[in-house]
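Going by the order they are written in, the chains are A, B, C, D, E and F; count residues from 1 in each one.
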Amino acid sequence: MRQLLLISLFSVFIFAAATPAQAQDKPQPWLPSLITETPQQGFELAVKLARKGVTSTQSNKEVLFRERDKYSNDAEHLMMASQVIALHYQTIAAANNYWR
Amino acid sequence: MRQLLLISLFSVFIFAAATPAQAQDKPQPWLPSLITETPQQGFELAVKLARKGVTSTQSNKEVLFRERDKYSNDAEHLMMASQVIALHYQTIAAANNYWR
Amino acid sequence: MRQLLLISLFSVFIFAAATPAQAQDKPQPWLPSLITETPQQGFELAVKLARKGVTSTQSNKEVLFRERDKYSNDAEHLMMASQVIALHYQTIAAANNYWR
Amino acid sequence: MRQLLLISLFSVFIFAAATPAQAQDKPQPWLPSLITETPQQGFELAVKLARKGVTSTQSNKEVLFRERDKYSNDAEHLMMASQVIALHYQTIAAANNYWR
Amino acid sequence: MRQLLLISLFSVFIFAAATPAQAQDKPQPWLPSLITETPQQGFELAVKLARKGVTSTQSNKEVLFRERDKYSNDAEHLMMASQVIALHYQTIAAANNYWR
Amino acid sequence: MRQLLLISLFSVFIFAAATPAQAQDKPQPWLPSLITETPQQGFELAVKLARKGVTSTQSNKEVLFRERDKYSNDAEHLMMASQVIALHYQTIAAANNYWR
């Protein structure tokens, strides 16, 4: 069973996203712009992009929930999240000309 | 019990932050600007952003405390923190035109 | 058997890609441009590049499938994927002048 | 006992640094500038910033010493240090216009 | 025996590359330029640089082959490769002014 | 004994490098410039900087040699080296205006 889930997880990452992008955009554009009013809102957008990076790799919520019991090193997990946020914040800050 | 905490932790990361950003900004803007007077104050701001990246993923202090006993590889943890700080310092230094 | 697979995997990474690039481009250029219409389509392209980085290291689907049962730390795996996406998104956002 | 130390360590990272930055700057500014005379001095400054990223997360020397016996994967530790140095060197080199 | 190999591996990383660069360049320059015709060829060059980063640390093929049986976490290995490719692609894309 | 080595290792990282930089520069400047003639020589310089990042954290060769038997995950080690090289190559390529 667990093996089956892992197969799905892996397959999703490598072979997924074949449907045309435009068809996906129509329902609800989740990222209309990188421009934000304040540095703080930019940071919140970075957090959003970091999460989106995870769900775009594995969008099946059922699999996500079943995988959760393998989380054994959460300090590292939280640190990695902070790192991805930092990378996206670099992009967003540049997009906003650092809110200067 | 531990499993329950992990479920919360994971859920928070993936599905949280649905409340509007503006409503959160009102009480106390924690990041009004990326501009600092000196390179050293910029570094301190980078440390602050690195921490914020962790707490924005998991804001529940109770969960944070319960998770702490799983920290077993702290040298790596400290190094990862230093890495996130370095990424944010890149952003802040650019925002301040490197304090030239 | 497993050893044999690992040998293949390793050999592919180190010694592969000797065939001329132009010959590979002809059939179907998978990356004609970094320019996208919206920030969101740019993010989808970043996800695509992150996947391509995996398959260009190991293109043998049979090996990829056999390797899947070694995935034991998927939270970290998903985080790493999110990190690679963030790096590519930096590139794509810059290419599109941040869709300003 | 070990648990207690970890609690301190974690608390320091998340809740510390509440004292005003200016009060800390007065005694001895450790980072007056990112400008250096040569590329090599810039590298040495990058090493310094990487260390500072560690000590600003955990400034308690007693805790740092007690934690040391958990260092079991030092090659990785050294590599991670080299990575943080590389990130800071990017910042410093840009600040110095690459000493061109 | 294994210990001996590790000693070699480590020594190569730290003390190698003492021969003059120009002497090495003569036989066959493997990197004449970062400029490519298309974004896709740029990606292929990024894959090449990522591999070169590995072989320039350990060029002894015999050691490389003997080390292969220690590969136990290949998903992470593939992800790390994808990450290095992403970093080099940032460089190459900038060099080509993003093929705009 | 092993503990003693680890203490030294840790101490070196956190408290070392107190001697003035200029005094160290005199004997033999190992990094006079980031400018290279070709992209390939720039890559070789990136490899050199990655190694320097390791030795500047731990310059004691005796400790380095004794630590070597803990290397158990060399694929990851090689990948991390490739990653650090990629980061330094970004810096060097920018310094050389991408050899355009």
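We take it that a residue touches a chain if its C-beta (ideal position, glycine included) is under 8 Å from a C-beta of that chain, and two chains touch if they have at least 3 such contacts.
Just so it is clear, the model here is predicted, and its values are computed rather than measured.
Quick one: which chains contact chain C and chain E both?
Shared contacts of chain C and chain E: no chain.
From chain C, what is the lowest number of touch steps before chain D is reached?
3
Name the chain whose C-alpha centroid is farthest from the C-alpha centroid of chain E.
Ranked by distance of C-alpha centres from chain E, the top chain is B.
Interface check for copies chain D and chain F. Shared numbers divided by all numbers used: above half gives same, below half gives different; which is it?
Different, since most residue numbers here occur in only one copy.
Report back the single chain whose CA centre is most distant from the CA centre of chain C.
D
Distance between chain C and chain F based on Cα centroids, please, to the nearest Å.
It comes to 28 Å between the two C-alpha centres.
Between chain A and chain B, tell me the centre distance in angstrom, where each centre is the average of that chain's C-alpha atoms.
Averaging C-alpha atoms per chain gives centres 16 Å apart.
Tell me, which residues of chain D touch at least two other chains?
10, 54, 68, 71-73, 75-76, 80-81, 83, 87, 90, 94
Could you read off the chains around the ring in order, chain B leading and chain D following?
B, D, F, E, C, A
Show me the residue ranges of chain A that touch chain B in the complex, using the header's touch definition.
38-41, 43-44, 47-48, 51, 54-55, 64-65, 68-69, 71-76, 78-83, 85-87, 89-90, 93-94, 98-100
What does chain D use to touch chain B in their complex?
3, 6-7, 9-10, 13-14, 17, 21, 24-25, 29-35, 49-50, 52-54, 56-58, 67-68, 70-73, 76-77, 80-81, 83-84, 87-88, 90-91, 94-95
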